[in-house]
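Each of the next two complexes has subunit A plus one more chain, namely subunit B in the first and subunit C in the second.
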Partner chain A sequence: MLRAKLGALTPAIGAVGFVVLWWLVYRLGLVDPVLLPSPAESFRAIWDGFAGGALTRDFLITIKRTLAAFAIAVAVAVPLGILLGSSQRVYGSVEFVIDFFRSTPASAMFPLFLVILGVGEGTKIAVAAFGAALLILFNTAYGVMNARKTRQAAARVMGASRARVMVDVTLLESLPQTFIGMRAGISFALVIVIVAEMFIGSTDGLGQRVINAQMIFNMPEMYATIFAAGVLGYGLNLLFIVVERRFIHWGGK
Partner chain B sequence: MNAPAPAAIRPPTEITIRGLAKSFAGQPLYAGFDLDLPKAQVTSIFGPNGCGKSTIINMVAGLVPMDAGEALFDGKRLRDTVIGYVFQNYREALFPWKRAIDNIKYPLKLAGRTAAECDARAEELVASFDIRFDLRRYPYELSGGQQQLVSIMRALAPQPEVLFLDEPFSALDYEMTLFMRDKLQDIFEATKTTMILVSHDLEEAVYLADQVILLTRRPTRIAEIVPFTAPRPRRPETLTSDAFVQAKARCLEVFQREVRK
Partner chain C sequence: MLGLARVVLPLAAAAVLAAPPGATAQDKVKMGLFIASSAMPYFIANDRGYFKAENLEVEGIPLATHPLIVQALVKGDIDTASNLLSLEGANINVLRPGTANYFSVNCQNTKWQLEAFVVGAKNDKIKSLKDLKGTNTRVMSAPGPGNLLMARGTLKAIGLVEGTDFTLQEQPMPQHIPGMQSGQFEVAYSLEPVVSMLVHRGVGRKLEAGVIATHILGRPDACAVLAGGVMSDKFLKERPQVAERLARAWAKALKDGNDDPKARDLLAKHMNTAPEIAETVPLSRYFMVRDFSPAQVADFQKLVDFAVDGGIVKSKIDVKTLLKQF
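Take a look at the complex of A and B:
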């Protein structure tokens, strides 16, 4: 009984240990306190930031950009991925191009997008959407291509037309893989949005907040913002896992 | 080559295969292949590895294209015929995103039946199969035998003229296999649906069949058609009856002759 209760606490051990270690390093003065404030000070900055609304505002703006980029990526990449995946020959002909741009760091595309879209909201979202779309695209195409032939045959033999097989079987077969792409895509979109907020003439967002705090040496605020970005990334991932378990209950079975 | 039974007792034909040809990678598998499959009987197809037992039913069922030839169902084309097909790999044949009961109703929905008609037919099947597990579960929550039972119910739901079974019990344990054989026989007795069974288990092929079609090595021809007329329902005791032992021995003799060639 006690053992089971303690077992539930296992995941917390690492987190508590991390904070204790941080506190020890601070307390023993191993690192300049200007660079590493105490955990208490940092947590207060997080609290103040969210309670005061400044951090909340940047947090929400980053979420909004990330979701906008993700939505565009899904809207473009999922239908395109299905189209590409449903024909081996079409996919074969564009596989190299997709692989190439997928391997190209999306951040290297910033200057290009800046030239096309200018310094503004559009560029940040567009680059993030571009990177996320490629991840979603090839995962969706892969899912469609690897749909189980037996299931498609089962539907066909029951009299399903090609279109019906596509909608009733192939699309559902591809969903687990599409979701893997979407989960990777949204994490990636967040990375690009934060980088864009740091360096592309931004006046808001978590990225801009981190770099501002760093420039004025407000370390508690910087740590608070980094922590907020971590919460966001972790939360998005968790959300996807929950949605995935709920809607793709058959995945891996 | 194809030894026909005397016309008087010959049952009407369900499937006529004429001039069937199929090659894989330039190697002919079938060439000018003719076969008649009788209506309202169980026909087993048995032969050496790689002789195309599954390929032939896949071609007739429209899952694999023929290079030449045709298969007619009571004179009709495949697209005008309702068929059922039970795959060996039930895990990959059922739709895991649908509950078992919705898997069973799927071919009815495809045929444009109303929800009420689907429900009625599903209930009928549940009653005739004497199902004692929860069909609202998802396939992956069921045992292998239960899943294959759901597959068979799905195949039978639209009342097919012909039921194809491709090694349907080979992934099940022996106990389940015996149970499923009896289940399949009961269904046959009740519906007299024409059944074409591909099996790699000679005991099963003979036990269930009215006739066993023995195929040669490729290029595949019919080596012999062995009838097995023991009365139904056949039960495990049938396996030790003289008629069964003789029919199986004859099949084995032909099979070994063909394998050694």
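Take a look at the complex of A and C:
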């Protein structure tokens, strides 16, 4: 019983250890306190930010942008990934383009997206959607290509049509890999949205809050915002793990 | 054995005495650089051997943002910086007095123009900033809270109201030309050399330059100190003589930057300025703090007070505590 209770606390060990290490660095004066505030000051800034509403507003705007980018990425990349993955030859013809853009930092594409879409909301969402879509596309296509041949063959032997094999066997087989892509994609979308908010003309969002706090040396607020961004990323990741366990229970079996 | 020592020791002593002064090791100094025209004194001093003449080896370390320069000063990674924003310096000195000591300052106003409002070249309706009244024009600003404060402060001083006469959005500097060219923004609060590029390419025309001096400090010839050369308190305390020699070399570089047009050749070479505008791009005026007049100090104080009221600098600070005279 006690063992089970202690087991539930395992994920907290790393977090507590991190805060203790931070506090020690601060307490021992290893870094100038102007550059690294105490954990208490930063947590107070988080509390004030959420209580006052300013941090909440930026937090929600970043979530909205991230989810919009992710939704676009899923809508484009999943069907396209299935299509490309269903034929190795077709995938082979576009593999270079996918891998080329996958290896290019999405933030380096800001100028191109700014030229095409102009400034404003669209660019931030589009560039994040672009980066996330490549990850999802790549994983979905590989999920389809690597679907177990024995199960596909068994379905065909039982008289299933090509379309039925695709829907009932291949797609279900590919879902675990697609979900891995989606989980990576949403984290990536969040990162790109925050970077875009920092550097391509934003008046709100967590990224803009980080850069403004840094400019005026409000370090507790800067770390509070970074912490909020980290919590958001962790939360989105956790959400995907829960969904994956609940709905894709056949993964790896 | 003793005989050998009698021969070697006098020879060694003679060799030390006869060595030329240049043979002694140069004092190493690390200088943070924000790559912009305001970093010109470093490149002049380096190129023309002014540091070497003072027996200094100054290593220029480019840093992408001003907060990184401050961070490096606090940590002791750099001893000095060629051009740190004055509001960044004021802010860190409020939090940690003595961090940034300005030994030179850059003045900008209607004569030494660094900031300007620009309007799209095709727009013939807006001839002055006052013409924005009632138009709700989309204005883009140079990025960062400081620039936004100056742009907003200028427009408000003219009597314009945000949301009715204009909307303001910050944009990274490389976005100013495409932003205006594509018509997404009709007016820009921009900085040199982008202002000159906008005009040179026929994308925009200057509406008004030196707006900080005119509208925020209240006189077209006021000295708006937006940047300057700084030394860290640690450097000043631990190596005061090296700091003094650095200041001597710096003063020569400032003089050249102000008076010698040939120094502009360095703009295209080192400071991301397009060669076609290097000869004409307006520059700020460099002053050693010792040459700074009481009226100019008062202008500097007014600017910092304005930033305090605008929430950019945390609390009131006497600018004299930021200045170090050599």
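Methods note: the second predicted complex is superposed on the first by the 240 of 253 C-alpha atoms of A that agree within 3 Å, B and C clash if a C-alpha of one lies under 4 Å from a C-alpha of the other, contacts with A are read in each partner's own complex, and residues count from 1 in each chain.
Following the convention adopted for this analysis, contacts are C-beta pairs under 8 Å (C-beta built on N, C-alpha and C of every residue); 3 or more make two chains touch, one makes a residue touch a chain.
Only a predicted model underlies this, so the values are computations on that prediction, with no experimental measurement involved.
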Partner chain(s) touched by A:Val115 [first = subunit B, second = subunit C, both, neither]: second
Partner chain(s) touched by A:Asp32 [first = subunit B, second = subunit C, both, neither]: second
Which superposed partner A:Arg148 touches (first subunit B, second subunit C, both, neither): first
First, second, both or neither for A:Met215, with subunit B first and subunit C second: second
Contacts of A:Arg57 with subunit B and subunit C, given as first, second, both or neither: neither
Subunit B versus subunit C as contact partner of A:Arg102, first or second or both or neither: neither
Touch list for subunit A against partner subunit C, complex: 31-32, 34-35, 111, 114-115, 118-120, 199-203, 212, 214-218
Of subunit C, residues touching subunit A in the complex: 65-67, 70-71, 74-75, 88, 91-92, 95-96, 99, 140, 143-146, 169-172, 174-175, 178-179, 182, 184-185, 311-314
Residues of subunit B defined as touching subunit A within the complex: 61-63, 82-85, 87, 89, 92-97, 106-107, 110-111, 138, 140, 154, 158
Of subunit A, residues touching subunit B in the complex: 148, 150-151, 153-160, 164, 168-169, 172, 249-250, 253
